[in-house]
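Each of the next two complexes has chain A plus one more chain, namely chain B in the first and chain C in the second.
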Partner chain A sequence: MGTGKEELVSLKCSSCGGGLVKSSRTYYDKEEEEDVTVPLAKCVQCGKDYDQHTSEFYHVFADDLTYDKDSTLFKLGLKGSINNVEYEIIGRLRYQEEEEYEKCTWDEWVAISADGVFHYFVEEDGEIWSYEEYIPEAIDMESDSSAILFEGKRISKSSAYTGRIVLIEGELPWKPEIGEPSTCYDFKKDGIHFTIEQSEDEVSITKGEKLNHGQILSAFSIDTYKEKYDSTIKKRTSYGKKSLVYAAGACFSLMAAFFSCFSTTEIKGVMGQKKVLTTNVPFEENGTKAYQSQVLWGPFDIPEGNKLYDVSFAVDEKVQKLNLEWQSFRFMLISEKRLLDLAGDKVNDPVVLNDIFEEIDAMPEPLESYIITADFWDEEGRDSDGYWHESDKSYGSDFVLDEAGKYYAYMEIFSENPRSPDSVTIAISRVRGYRYYIVVFAIFIILYLINKSKSKSYNELPFEMADK
Partner chain B sequence: MSSMNCASCGASLEIKNRFSKVFVCEYCGTHLRVKDGGFDITGKFPKLADFPSIFTVGSAGTILGKPFTALGRMRYKYQGGHYDEWFIDLDGEKAWFTEDEGTFTLYTDLYEAVDIPDINCIKPGQNIMVGDKKVMVKEKGMAVVDGGEGELFFYVEPGSEVVYLDAVAEGKKVSVEYTESEVEMFAGRPLLKRDIVVNS
Partner chain C sequence: MIRSIIIAAALISSSILMTSSYIGYSGAGKEYFKKVREERKSLRAGSGYYAPYMGGSGSFRSGK
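Let's turn to the complex of A and B:
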């Protein structure tokens, strides 16, 4: 049994006997694609490095890994009773995970029970586990190089992690040493949590049960933290309830957004009054020949202002197929009053309309008109996967119409080949404000995440605690 | 129960178990080996220090509901502590009861003179065949015999080194002890204190 509080022994360099100090090494990490600095113990005399796979490293860095050693639920000498069995905490080991450069520790509290059995309470990541020795019906750690066979279950050896002792306190039934490694396997079998720890001197097999802090506070009569624990649990419960309310709000707003997407009301009569102003007027731009048509729809009535509308465009292939060619358009929705103000009695003059479009398009926002440009295309080709044929023959856009009233829709259609101006259709629909619901949904989700996180992390206690 | 006298001091010795091979005279501390119907003095050793134990020689009661009598014990010292191996009569059968740092194990199965691999090559986690039993070694250690008292089923002279293996097989705790002269294996189970009732 250990002799009580173990003092850290200052280790010397195994090569030259020199003193060891904290140091670091910087190297380029190919995966992270950046320089990474890692801690090392270094001999001041010969410069030999000791990394985290050596005991010497943990002697040098023990203080960095134990500065919070008093911020624990258990304390040496605590006595308590769980399931009518009395326990006394007699010792403690703190382990650091070898592969972690940052502090990643867990405390193993050794207790002796009135039943004459050693018991282990583990504090890790705010959880408490109670372990007792387990004698398996069958265990084979040797025959399979890649797995441990444990009562018919195969536990991959690659799941192992190594813990290094960084703190020894109290009386222990064996003599551990700082830096001593222990290979651990945590696994579940038939719903029961087991741990196998293998060190150079011993294999220990334990079965564990998760306990909560409330049970321990009550079992060991730890009154110091009782009030803070109750307050923490109360606050966490409150945050948990709020998170449920926000989750429900998020669901509702998502459903409302979804519903809004499918509840649209088409503005009737948009296509009703249509004037084809020009048809396939040839022009040349940057050496490319193309054709332009101009179409004016309206006036038609849009009955509600300050609402969200969707305007959709499509190639009507019943009129003319879009076949391995492109077609683009410029579209303007303009109020009847404004158009009449600008065009006077030349509302049907394609040149005047083109000028108005150019003028409005060049204006700084707000335009008080709605301008949309888009392309339709149909293409084919070959690549490494073989033949492909793709097309895009529709387009949609949302806008908020400020004022209700009579409107004109003016469109300039450009195409690679002569195309019927009737082959492009437009439709304007009143849509519900799903964007607003999406914003509300996002707010609810943020509130939900904040409260959910607080329902787990809010803590008035001086140690981590995962109880809900 | 029969009675004989100590070959060293003449004190009367009560023999409680027919399997006993060695008796320790409670008066003079002489270790007496049973030989040719009499006692052979093997040596005189100091009495064991009086560390608290659940039993004393002669304690009776029940273990797991079965009647027992504590006949004698061997004490072993190891790095940082000691453990007692009690020789008990358990409902008419011989059994071994170890008390180590407040934990208790009852061994009821003895495999004598077993053939197992070289102790120096064995490591924790390794499988070894002990007779027809495949056991996994949990721990390997070395102890020194500190002494004994009462009636003993086997005998190792105080001061002798013993290498021990703690192992598991078929849901049982297995203990293997190597001495200069023999290798013995015990199989049993851990006990809770509540499993043991000692008559006052």
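Let's turn to the complex of A and C:
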């Protein structure tokens, strides 16, 4: 194992013997499209840089990669029994993945069994793996430059990653050094996990299985963490169940929204009977010339009161295209009873109707039950992106109608150019609201994600744990 | 767990209640009459409140 003396020696620059310090280098990353700063070890005397592909780098940055070395489940000297085999933890190595600038470490705990066989426990990202030496029936690492042949399975060499030793503790069966590289291949064959570790002068093959923290706590009688482990598992299970409740709520809300969204019933005969009161009457307002048409559709039957209705308008371009012009309208829903009160038996007389609609805005008591104003437009122009052509040729609005009965649809249509009154279509449908289901769905999703995350991350233990 | 069931039930109930009560939607009929009657009472003659609607260009780009 490494000693303090060796570390001091290797902290010197290999070129001039000068001291090494932490430094950094900034360069422009083409992929990230921004300046990136990466750590480097630097000689204070000759200025030579040592990047993460050198052993010197790990000597200088070891403290940044081992500050949490005591936040582990295993400890040196632990004794326990798994599958009736007794083990004692005798040594430990911590590796850092070479390609990562941030801390990305795993701990390899070396155990020796009662009959003198070495065994390895790996702690990484809250998971524990138990590895034992494995002698393959056949392995060929050299004849193919791009792959390793392992008992007939091809393992691509491009899947390799390099680990660098950053911490050495205890008694180990060989003499590792800080910064020493080891090329690793992790793969699965016939459902079993294997790891090939290739260092400068040896290759070791191990097969492993995943264990949970509960098994290790029990096997090694680690009572210190038992209570916190049980509490963590209980809380995670609870968060998991809560997330299921919220997921069910989200599903219900979504289904309710879908059901409501597609539950529409069209009111028949809205455009069945039509009286064109005026057509393209020219007028001028504030220096703008325009044309006005008035149309009365109906009566048609709205069979249910206290219900939500949607009225939609559109330009019918089969009748007349809307081309680089505007058209606006004022729609009124008028109860037949209200119109009959004013027109009496002359409800079909255009002259009487014209008189009524002439005064419609001056009546102290409104004639209409509801009013909607909107416009359609078609425009083109040029901006910094070049030519554009946009249009809006439809409009929709929801309202709650309190009384069922017969209704008229009255429309005043204003346009820049003379336009056919038939070029505007109206459709009224009985609909169901769904906005609150969508809001509640979003709340459920947020609650689900929070609880799902806590069901994996809640932890009272001083080390990472991935157990569920 | 029980708290999450209560929260879920409350959220679902409130969404059903608000949907079935049509909260937040415009009202046609009596509600509209009341609103317009009040508005017209407060308007002076000739204020032009109900001038013919000429929306014209609805585009924010205001091209032509």
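Everything that follows uses one rule, which is that the second predicted complex is superposed on the first by the 301 of 468 C-alpha atoms of A that agree within 3 Å, B and C clash if a C-alpha of one lies under 4 Å from a C-alpha of the other, contacts with A are read in each partner's own complex, and residues count from 1 in each chain.
The working rule: a contact is a pair of C-beta atoms (placed from the backbone, for glycine too) under 8 Å apart; a residue touches a chain by one contact, two chains touch by 3 or more.
Bear in mind that the values here come from a model prediction, so they are computed numbers and not experimental data.
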Between chain B and chain C, whom does A:200 touch in the aligned arrangement: first, second, both, or neither? first
Return first, second, both or neither, reflecting whether A:137 touches chain B, chain C, both chains, or no partner chain. first
After superposition on the shared chain, which partner residues are touched by A:260: those of chain B (first), chain C (second), both, or neither? second
Max touched-residue count on chain A (chain B vs chain C) belongs to chain C
Name the contact category of A:249: first (chain B only), second (chain C only), both, or neither. second
Partner chain in contact with A:443 - chain B first, chain C second, else both or neither: second
Contact-wise, after the overlay, does A:119 reach chain B, chain C, both or neither (first, second, both, neither)? neither
Taking the complex as given, what residues does chain A use to touch chain C? 238, 241-242, 245-246, 248-249, 252-253, 256, 260, 283, 285, 288, 290, 292, 308-309, 324, 326, 328-330, 333, 335, 360-362, 364-366, 368-371, 373-377, 379-383, 388, 390, 392, 397-403, 412, 414, 416, 432-437, 439-440, 443-444, 447, 451
Residues of chain C that touch chain A when the two form their complex: 1, 4-5, 7-8, 11-12, 14-16, 18-19, 22-33, 36-37, 40-41, 49-59, 61, 63-64
What residues of chain B sit close enough to touch chain A in their complex? 79-81, 101-104, 124-127, 134, 136-141, 168, 170-173, 189-194
Can you check the complex and tell me which residues of chain A touch chain B? 1-3, 112, 114-118, 133, 135-143, 173-175, 198-205
